[in-house]
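Here subunit A shows up in two complexes: once beside subunit B, once beside subunit C.
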Partner chain A sequence: MWITVRLFANFRENRFKEARRQYPPGTTIADVATELEIDPGLIGMIFIHGRAAELDRVLGEDDVLALFPLLGGG
Partner chain B sequence: MFSKQELERYSRHILLRDVGGPGQHKLNAARVLCVGAGGLGSPVIEYLAAAGVGTLGLVDDDRVSLSNLQRQVVHSTANVGELKVVSAAERVAAINPNVKIEPHPIRLDAENVTGLVDSYDIVVDGTDNFPTRFLVADTAYTCRKPLVTAGVLEFYGSLTTLLPFETDAGGQPNPSWRCLMPREPDTAALTCSEVGILGAVVGVLGTLAACEVLKLITGVGEPLIGRLLMVDIRDMGFDVVAYYRNPTSPVFGQG
Partner chain C sequence: MPKVIRINMTDLSVRIDEAPAEWAGLGGRALTSTVVAAEVPPTCHPLGPNNKLVFAPGLLSGTAAGNAGRMSAGAKSPLTGTIKESNAGGTCGRMLGRLDIKAIIVEGQPVAANTWYQIRISASGVVIEPEVETVGLNNFAVLESVARRYGEDKGVITVGTAGENMMMISNISTRDPEGKLRSFGRGGLGAVMGSKRVKFITIDQEGTRPVPLVDSAAFKAANMVFTKALKDHPVSGQGLPTYGTAVLVNILHEIGGLPTRNFTSGQCEHHDMISGEHMYDTIVARGGEPTHGCSLGCVIQCSQVYNDKDGKYLTSGFEYETIWAYGADCLIDNLDLIAECDSVMDDLGVDSIETPVMFGVAMEAGILKFGDGVEVLRMLREEIGKATPLGRILGGGTGHVGKTYGVTRVPVVKNQAIPAYDPRSVKGIGVTYATTTQGADHTAGYAVTANVLNVGGKVDPLSNEGQVELSRNLQIATAAIDSTGLCLFIAFPALDIAECLPAAVDMLNARFGGKLTMDDVVGLGKTVLKLEHEFNLAAGIGPEQDRLPEFFELEAIAPHNAKWDMDQKELATFWNF
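Here is the complex of A and B:
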C-alpha cells in the first residue's frame, strides 16, 4: 500500500519533507518511524489526515501521515 | 477617549484599517496572561506592552541567568539573579507605563492554575515544559479562554491558537490541545538547555504569538485555529498544517 509521509522540523534532516512510500499491509506508524530511523520517544504530534493518532495505529491505503518532533522549549 | 499622548503613542494602530480607535480601545481594556517570561515570552511581553494591552499577567518562578540572555531579550545583563517577572515588569514600565503588570512569581500547578487563568481574557503559553503546557491548555479550555501556544527547539518552532469551546464557520467544534497531543509524552522532552536553540528563533515564534493575541483582541483576520504553523528557520520554511477535532479526546470526556 502507498502512504504519504510528511516530516517536520529536525525529522527532515537527512530524510525528506514529503514522500510517497510503499509499505506492506498491517504497517503501523511505529513501523514507519523505525524504518525512517526516528526514535519514537522523540515524536510529539502524529496526524493521519489531520487527526491525532497513536504509534500503534495500523495505516491504510493512501493515508497521509505527518510526524512532528517534540518542540517543548520556550 | 484617548489622551493626546495616547493618540500619538498608538497612532499607527489608530490609522490601521480594521484596528483603528475601536481596536485600540479593545487593546487598552484587555487582560492577557503570559505564561513564561523566557524566550517566547520576551517578544510577547514587549509587543503586547508596546501595543497598549491594558493588563499583562506574567507567570514565571525562575530567575534571570546569564545563559538566558542569548535569546530572552526582555531581560538585561543587569537583571541577572532577579525574578524574571520583576525584570520583565521593569522592561514593560520602560516601554509603556500605561500598561498594568501583574507579576506571579509562582510555578503553575493544579491548585493555582484555574484562579489565575480565569481572571484573564486570553492566555499565551511560552512555557518550557510539557506538563505545564498540558495544564495550561486543559485549564484554558475549562475556563473558556482563548489560548495561543508555541514551542521551540534548535532551529524550529510551532504555533497554534485554540478556541475549542467555539465552533467554526461550518458549525463544527474547534479542536483542542488534546486534538494535537492526546496525552503527555512518556519521555521527558529535549530542552533548549540540552540541545540548544538559535536565539532569534524564539523571537520569530514569540512575535508571531503576539500577533495572534493582538488579532484575537481586535478581531482582525483569521487566527490559527485548527491550523498548526511549523517554522523551519534552518531551511527558512513555513508550513501550515490543518488539524481537526478528535471527539474521543480525553478533554471532551470520552477518552
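Here is the complex of A and C:
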C-alpha cells in the first residue's frame, strides 16, 4: 500500500520533507518510524489526515502521515 | 522599601510613595490589574483623563532567575473597552526591579493639546520635560535620539506615530538589549500613552545594586532546577531556540487550524514558504541568528535575527502570529516581504496581530487584493504612517474596518483581533478567545498545548468536551505567571516537568522570605482573573460579549468541516471557580 509521509523540523535532516512510500499491509506508524530511523521517543505529534493518532495505529491505503518532534510556540 | 511612582500629566507633578503593604505579593499583571481595577472608573473613556497607564515589573524582575525579563503594562483598553494587560521583554523590567520600583502609574492628561512630554526615571528621581525633537517620529528614530541625548544604556518605553495619533492598533514599544524593539502589543495601549501625550519614558539604572535576596543560596539552587527544566524540555530546550514560534505554521496547517484568507480555510497552500523550517534555513543561509533573546537572562531564546537577501538586518522577534497573519490570513507568500512589514510595524508602533488581521478584513472588503504585500507596505507607510483618512480607518483595527465596509466575516472578540488558531478546529483556544478578560488573546490561556501539541495532556481539538476546564486552568496559571515577570513560554516545561513551577515558587520565597505554596500561586491567578472580570462587568462588558463572532457558527472550515458549536451556557461555566 502507498502512504504519504511528511516530516517536520529536525526530522527532515538527512531524510525528506514529504515522500510517497510503499509499505506492506499491517504496517503501523511505529514501523514507519523504525524504518526511517526516527526514535519513537522523540516523536511529539502524529497526525493522519490531520487527526491525532497513536504509534500502534495500523496504516491504510493512501493515508497521509505527519510526524513532528515535540514542538511549541505561541 | 519598594516604591510606587505616580506621574500626574494634568499638573505635571510626581509623587513617589512607599508601596502599600497589601501590594507586597503583587507584580506584573497582578499589580497593573489591581491598580486599574481600584483606581480607574470602569466606565471612563479610555483616552480621557480618568484612565491610568500602569507599568509594573514582575516579582522576579531584576534577579538572575531564568526568563524573568518580562514586564507588564495595563490600562483600560480603547480597543476592547475591557481591562488590559500586555507584556513585553526588553531591558526595562530588569532595571525597574533593580531600582526597586514596583509600579509607574501615569495619570491625568495635559490641558494644552499640542505639548508632548518625555519622562526620565532614575535612582535620583523623576524628571518630566516637554519633548519636541521626537514628536512625529517613529520608534527607531526615537531610540536613536534617546541614545544620542541620554546614552545607549537607558531603558526606553515609547510610542510611534500610531500611538501619537491614538490609533486603536497602536502599541507601546520598548528597547531590547540590542537596541531593537519589543512591544506591549495588544489592546491599543499606545493610544493611551498618546492620550497622555507621553512620547517616551527612559529608565536609568545607574548606581543601583543587585536585587537583594533573603536567601541567596536557596535562590541559586532553585534557579538551577528551574533553568535545567527549561533546557531539558524539548519545546523550550530545542524547538523554540531553533525554529522560533513560526514552527507552528506547519503544525497548524497540518491539523487544519491555520486560518487562511480571512478565516475561510484552515489550511494554506503555500504553508512551506512561510514555515519555521523555511525561516530557519533562510536565517542560517543569510548569516542571521536563529537563536536570540528578547531580554537579558532568557534561557529559551525563541527570538531570532532575520537578515535580508544581502545579509543586512531586517527584523527580529519575528513571531508566528505575524507570519501567519500576513502569510496565510492575507495570503502573502513571501517571507522577506512579511519581515519588512514586521519591521515597519515595529517602527510605527502597531500591534503585529491586530494590524495584519485587519488587513485580512480590508482585503475581503476589496480595499486591496489578497496576497498584495507590496500594497500592505505602502498602506502601512503612507496611509497609517501618515494618518490619512484611510490610514485612520485602517488604524481603527479589525472590527472598525469590518463595520466601515460592511464585512460580516470579522474575526474579533470584544473588538480585538482573533489570532493564529482557528477556534473551529482548535476548540479549546476558542473558549479562551471567548472568555478571557482581555478580548481575543491566545496567550491568556494557550489551550493549543493539550489540543494540538501534546503538552500538558491531550484534549481532542475538534470536540467540545473538556475545553472549558482546560482553558480555565490555563487562564488561571497564566495570570499567575504574568505576575512574576517570567516569560509565558516557561509553561511548556512547567506543564510537563514536575519540579519546574515549584522551583519558581522557591525563587519567590528566597527573594522575599515568604512561605508561598503552589496553592497560593494558583490563588493569585484566580484573584487576578476575578478582579479583571469585575472591572469588565462594571464597564458594561457582560457575559453576552463572551462569545465568538457568528460566522464561526455558520461557516464550516476545511479540511475537517468544523464549525463552532459550543453552547453559551457551557461557556458561561468558565467563571465557576
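Following the convention adopted for this analysis, the second predicted complex is superposed on the first by the 71 of 74 C-alpha atoms of A that agree within 3 Å, B and C clash if a C-alpha of one lies under 4 Å from a C-alpha of the other, contacts with A are read in each partner's own complex, and residues count from 1 in each chain.
Heads up, the rule we're going with is that a residue touches a chain if its C-beta (ideal position, glycine included) is under 8 Å from a C-beta of that chain, and two chains touch if they have at least 3 such contacts.
None of these values were measured; they are calculated from a predicted model.
*Asks:* Using the superposition on chain A described above, determine whether A:Gly41 touches subunit B (first), subunit C (second), both, or neither.
*Replies:* In the superposition, A:Gly41 contacts subunit B only.
*Asks:* Touching A:Ala9, do we find subunit B (first), subunit C (second), both, or neither?
*Replies:* Both: A:Ala9 reaches subunit B and subunit C.
*Asks:* According to the stated criteria, A:Glu54 is in contact with first (subunit B), second (subunit C), both, or neither; which is it?
*Replies:* The answer is first: A:Glu54 touches subunit B but not subunit C.
*Asks:* What is the shared patch of subunit A, the residues that subunit B and subunit C both contact?
*Replies:* 6, 8-10, 12, 17, 42, 44-45, 47, 50-52, 66, 68-74
*Asks:* Please give the residue numbers of subunit A that touch subunit B in the complex, ascending.
*Replies:* By the definition above, subunit A touches subunit B via 6, 8-10, 12-13, 17, 41-42, 44-45, 47, 50-52, 54, 66, 68-74.
*Asks:* In their shared complex, at which residues does subunit C touch subunit A?
*Replies:* 234-236, 238-240, 242-248, 250-251, 254-256, 272, 276-277, 302, 320, 442-443, 446, 448-449, 452-455, 458, 460, 462, 488-489, 492, 559-560
*Asks:* Mind pulling up the subunit B residues that touch subunit A in the complex?
*Replies:* 36, 38-41, 126-130, 133, 150-158, 178-182, 185-187, 189-192, 197, 202, 228, 230, 232, 234-235, 237, 239, 241-244, 246, 249
*Asks:* Touching residues of subunit A toward subunit C in the complex: what are they?
*Replies:* 6, 8-10, 12, 17, 42, 44-45, 47, 49-52, 66, 68-74
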